[in-house]
């Protein structure tokens, strides 16, 4: 069998973990030829890649969709060829034809878990009367970023956490380096703050590096992110990083390939599979060390 | 309207610290052919550029056919009837000969299409051949781009361009500098034809023989200023005379203060 | 080694369909000054470009001081001792006068720094002033960029560049085309100095007076071919004579087959 | 053999040795690239005797693999539309970096007037405006999009022509501004679910239809009209064009307006094709549009290049992309291979040109 | 008043009217931008009388807000290093698009020789090679990175100079190739946890130290050495440079090698600063490096521009970025404002230049 996969971008940290996991998993399956393409965050290119796969006659297609609101167009491009969405939930999830399925996570969980845990920690630190902090957005055009930031605002909107105030929120484009500069810029105003929430681990790490370079004590600041990458967990182990959220690459990756194989074989599959996010704190980080 | 077709008053141009043209007062009459002479860097081309709107003057005034003019650019000057062969020739290197000859006033079809009206390539090619023949230049293939033309061929294209269109004032800045013996003779004939037709001309030239053959009057520039105004129709002045004005050995009586 | 310092055999250059230079056989002796004349587009500059390695010839051979040469580029030609004033002048518009004069052979300090050796601006400026004075040109500010120079000033910079460096063969392609009366006289003096020093020269020119004043021999090009080779030292040939070769009214006996 | 019908004589001119149009080299390079993929397909062990362009599967029954032919051009059609405008800009010796973000901004703006009220009976979850903006005739979003493009182009052109801002800077500024507009328009949220009329613009092979018809129109314009001639003249020698009495400033504004309108139209087609508009769309499109033109033989110094060349340049990129999928090249190698092929194609072009000189 | 000490006479020359260096305009624009932020800071209601550049908080006790001064330049130092090379390339009338991806590829490659074996007592989870490549002296990754840069630059230069591939295409090809290399090197996985020695290269203000020292070196080189003069000559008129006997091809290769080595060094510094190397790094760096040079007054037609201009161009971008954070401008507005300010800065520069002519 032949499976073609297209990813929203190749040079993204977490997606690379997912992607490489899928290559490994595919290699263990006899007679499977597995091919992956980079959509470079270009929706039209991704639609065309799907069409290219069809023109080459692959047996199934796996899509990590660039834009979750483009489900209809992507689904249509595949025609009769079986298709599985991975990691991101397309908006047409309820209208998928029988030849299509999805295995993904729900981004409402990720940002909420992280922000809520920070809220609890701040209270525990005795800052329940008022805490101020910063929010770092991922790429502004990315829906995971938009959703995770919205999650943060929703958490702060809850009675229990409305003691938290966002001083400013800005994008650092998922990137550690930009996060360093952004954090340093924020700190140069001299304004005191109690927490930093980031849409992913890389930015949280960048913020931590900048704060440490400025001589801050990381015990005084709560830092939260998403992904549970290895760099993040080691930072947590060092006592710098407080909260992250585990996104299950193996679950999503193997799940999607297996679903594709079953679709090819004409078997019945669960059309919607949600792989849950899991909260990671210093208390349980040991469980996740070699996962992502 | 008086007889004066072009008049400048205290025309001045500075480039940063360089005073390239200072207080030039110049006049010419209907049908007159005037030569401008002077050393290299004396300000002759600068004078031409101010009159034709290629550059904006530092100060001074210009009248054309009695009206004060302030050209915002060369397009205005052309529309006012001034045709110029610039010393730099102003040719588009990547275009071929007919394209250059008709640049800015193409022969067209379907004119109602406005800017998208069609070019009449055939008519332009034909007119180009005729124009070039008047200059006597030989160009093996007019559809070659200008950058592939020899120095003299380029110059002839620029001259043909000017000679193809009627004008109220023709200006030629060293038009025969790069031309061969035959081509020079032809271009001089073109100038004579203009004279016969009563069309006025300003000729910038370093060629004494040519100037004496062709024009009525010589205006000499020195160090950015006009230093002599010599009527040569009646043989009062010799070539050596003119040279001594150019070199500064002599200065016209009315210009002595200036220098 | 014979007396012949430059020799070409069947030198030919085609540009696409244009046969710009065909079977040119040319020779010149030690110390000789030779003029090349011919109509616009006759192939004179093409001949110069083939000899100086600016272009790669279509066919034919070239010998310099007895050695067959195949210059890959103008750098080779210069290293072999050929100094050239090209018709296009080859100046860098954004650089100033001294920069252009010494382009490619700057005066430097700390030479052990290789390509990063330092420029001796002061020495170059001084040498530039001297070089320019020899051409008689007036340039108010040599630190202005070349694009701001008048036509004649540019040409003088190119000539000064050539005249500043000793050479085994000097080639000048219409060096005085844009020059004023005084500057032309000065440049002609430079050429006479070369003659006295025994340095050979090829002079491309349309100026009959100049050619008769300066050189020993005239080679005439017509339609890409050499059509005459006229020794003018002993007064056998007049200007009209030469013109009739240029126009095609006459052809040198030994070249009749060719045309 | 002396033939003077093309000139006033002088030298021998051999009419049979015409200059070889640059476009033929690119066409040739295109065929070579196709042939290489075809051969690779036969040689690579895991390819099971598939063919790149021909039909070897039982599923289909024609000579060519039509799906492949279609996708080759379909996938470059939208950037190709941008490239038609970029070509004109580059011929004036300018550059337009703003086209990619303009695609995104226009997609967002146009789509907000092209949404449908009901999606499968549910209210459109991504509706940006109220019901007044829903289910409008398709002409509305198209006109809005084009008007927006014209507006941006007029600003670009005015800055460049009248205020002498270097094109690189003016359009880089506009690059950032348009990205900003795209993000701000709906706060980063995608705008989805267009009307059927709007979808039609980008459905099936429509992007190709637009691309090729516009290419024909602009080929004619650039080659046979005054507009085209002046565009080349300005790029060849702006000062000469000005001295020849061309209204250089006004002309440049027109060129930038046309280029931006083409990019805006590409944005409309892209939104229709994807059935959604998103702020991140069109990333790197400006680079690829420029690349198409450059592969097509344009000179960034201005004065040279052609619409046909650009269309062929687009085809080269299209063939490469499909070819990679065909030979199952892994995504991480595709970039390296694409880079090498682009360089090789131009190398080949250079080589042929020199061998003819 | 006639002063001929700068020439051989002729016209009156007024020495006091020197030409106004372009760099001064940019410096001026820089101050204007700073002043605008300062004023905005006083005016915006939510700003609590903070100052942009001055110290108004009790925590600090100096005149200036040193933290701000530092970050302004720190955040542009790395792209600034690239821009030093890009400036040289553009002066030759070339362009280098490959620098951004080269940063990423070099970061990956260099970092694989700069990793440490133990992180907080854990084995380095991102170790790419075996123990032989761990805890090497810092010189190893640096030399490897620079060598890789020189190699890429030599390829760029050779294609451009000897095979006459247009710089845009050659470096666009290299853009894709380097992105590909970055992705392929470790299969896309980040490479993290460098040795302390390696970290030092990018720690604290070190990026600024590198940037400014390199700027001084290249300022001197471009202004006072043969290398610099030939670089300008080639960009001003390549044919004239060739006819004057400059070895244009060899020189161009040198320029591209230097530019790529600077970009490679920027990659090393970036990896050291972020303590990680990732394939997605350096995105858009090539554009911003070019922008710095262009804001600094370079002409893309070649022959003009300066290192000082580029450094000032970098400062303009740095001030804008910090200024936005300072006035808490929202992300989508930041892009629009950044675009407008870039255009305005150049507009201002043009205006001053014209008023002096």
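Lettered A, B, C, D and E in written order, each chain numbered from 1.
Assume contacts are C-beta pairs under 8 Å (C-beta built on N, C-alpha and C of every residue); 3 or more make two chains touch, one makes a residue touch a chain.
Not measured: the values here are computed from a predicted model.
> Identify the chains in contact with chain A as well as chain D, in label order.
Intersection of chain A and chain D contact lists gives E.
> Would you mind telling me which chain pair, B-E or C-E, is linked by more contacting C-beta pairs?
Of B-E and C-E, more C-beta pairs in contact link C-E.
> On Cα atoms, by how many degrees is chain D rotated relative to chain E, nearest 5?
Here the rotation carrying chain D onto chain E measures out at 180 degrees.
> Just the number, please: Cα centre separation of chain C and chain E in whole Å.
44
> So how far apart, in whole Å, are chain C and chain D when each is placed at the average of its C-alpha atoms?
48
> Whole-Å distance, chain A centre to chain E centre, using C-alpha means?
Inter-chain centre distance comes to 32 Å.
> Could you give the separation in Å between the centres of chain A and chain B, each centre being the mean of its C-alpha atoms?
Their C-alpha centroids are separated by 72 Å.
> Indicate the residues of chain C shared as contacts by at least two other chains.
If we look for residues of chain C contacting two or more partner chains, we find 16-18, 39, 41-42, 88, 137-141, 223.
> Could you list the positions in chain A whose residues touch two or more of the other chains?
Residues 10, 38, 140 of chain A each touch two or more of the other chains.
> Would you mind listing the residues of chain E that make contact with two or more other chains?
Residues 10-13, 179, 183, 187-188, 331-332, 334.
> On the basis of the stated criterion, which chains touch which? Give every pair.
A-D, A-E, B-C, B-D, B-E, C-D, C-E, D-E
> Which stretch or stretches of chain A touch chain E in the complex?
The touching residues are 9-13, 16-17, 19-20, 38, 137, 140, 167-171, 174-177, 180-182, 184-190, 205-206, 209, 213-214, 230-231, 234, 237-238, 289-290.
> Can you list the residues on chain D that touch chain E in the complex?
So the residues of chain D in touch with chain E come to 93, 95, 97, 159, 163-166, 168-170, 172-181, 183-184, 187-188, 287, 290-291, 294-295, 299-301, 331-340, 342-343, 346-347, 350.
> Per the contact definition, I'd like the list of chain A residues that touch chain D in the complex.
4, 7, 10, 33, 35-38, 40-45, 47-49, 51-57, 66-70, 72-73, 91, 95, 139-143, 145-146
> Across the complex, what residues on chain E touch chain B?
My answer: residues 10-19, 357.
> Provide the residue numbers of chain C that touch chain B in the complex, in ascending order.
So the residues of chain C touching chain B come out as 15-18, 37-42, 44-45, 87-88, 137-141, 144, 148-153, 155-156, 174, 177-184, 206, 208, 223, 243, 246-247.
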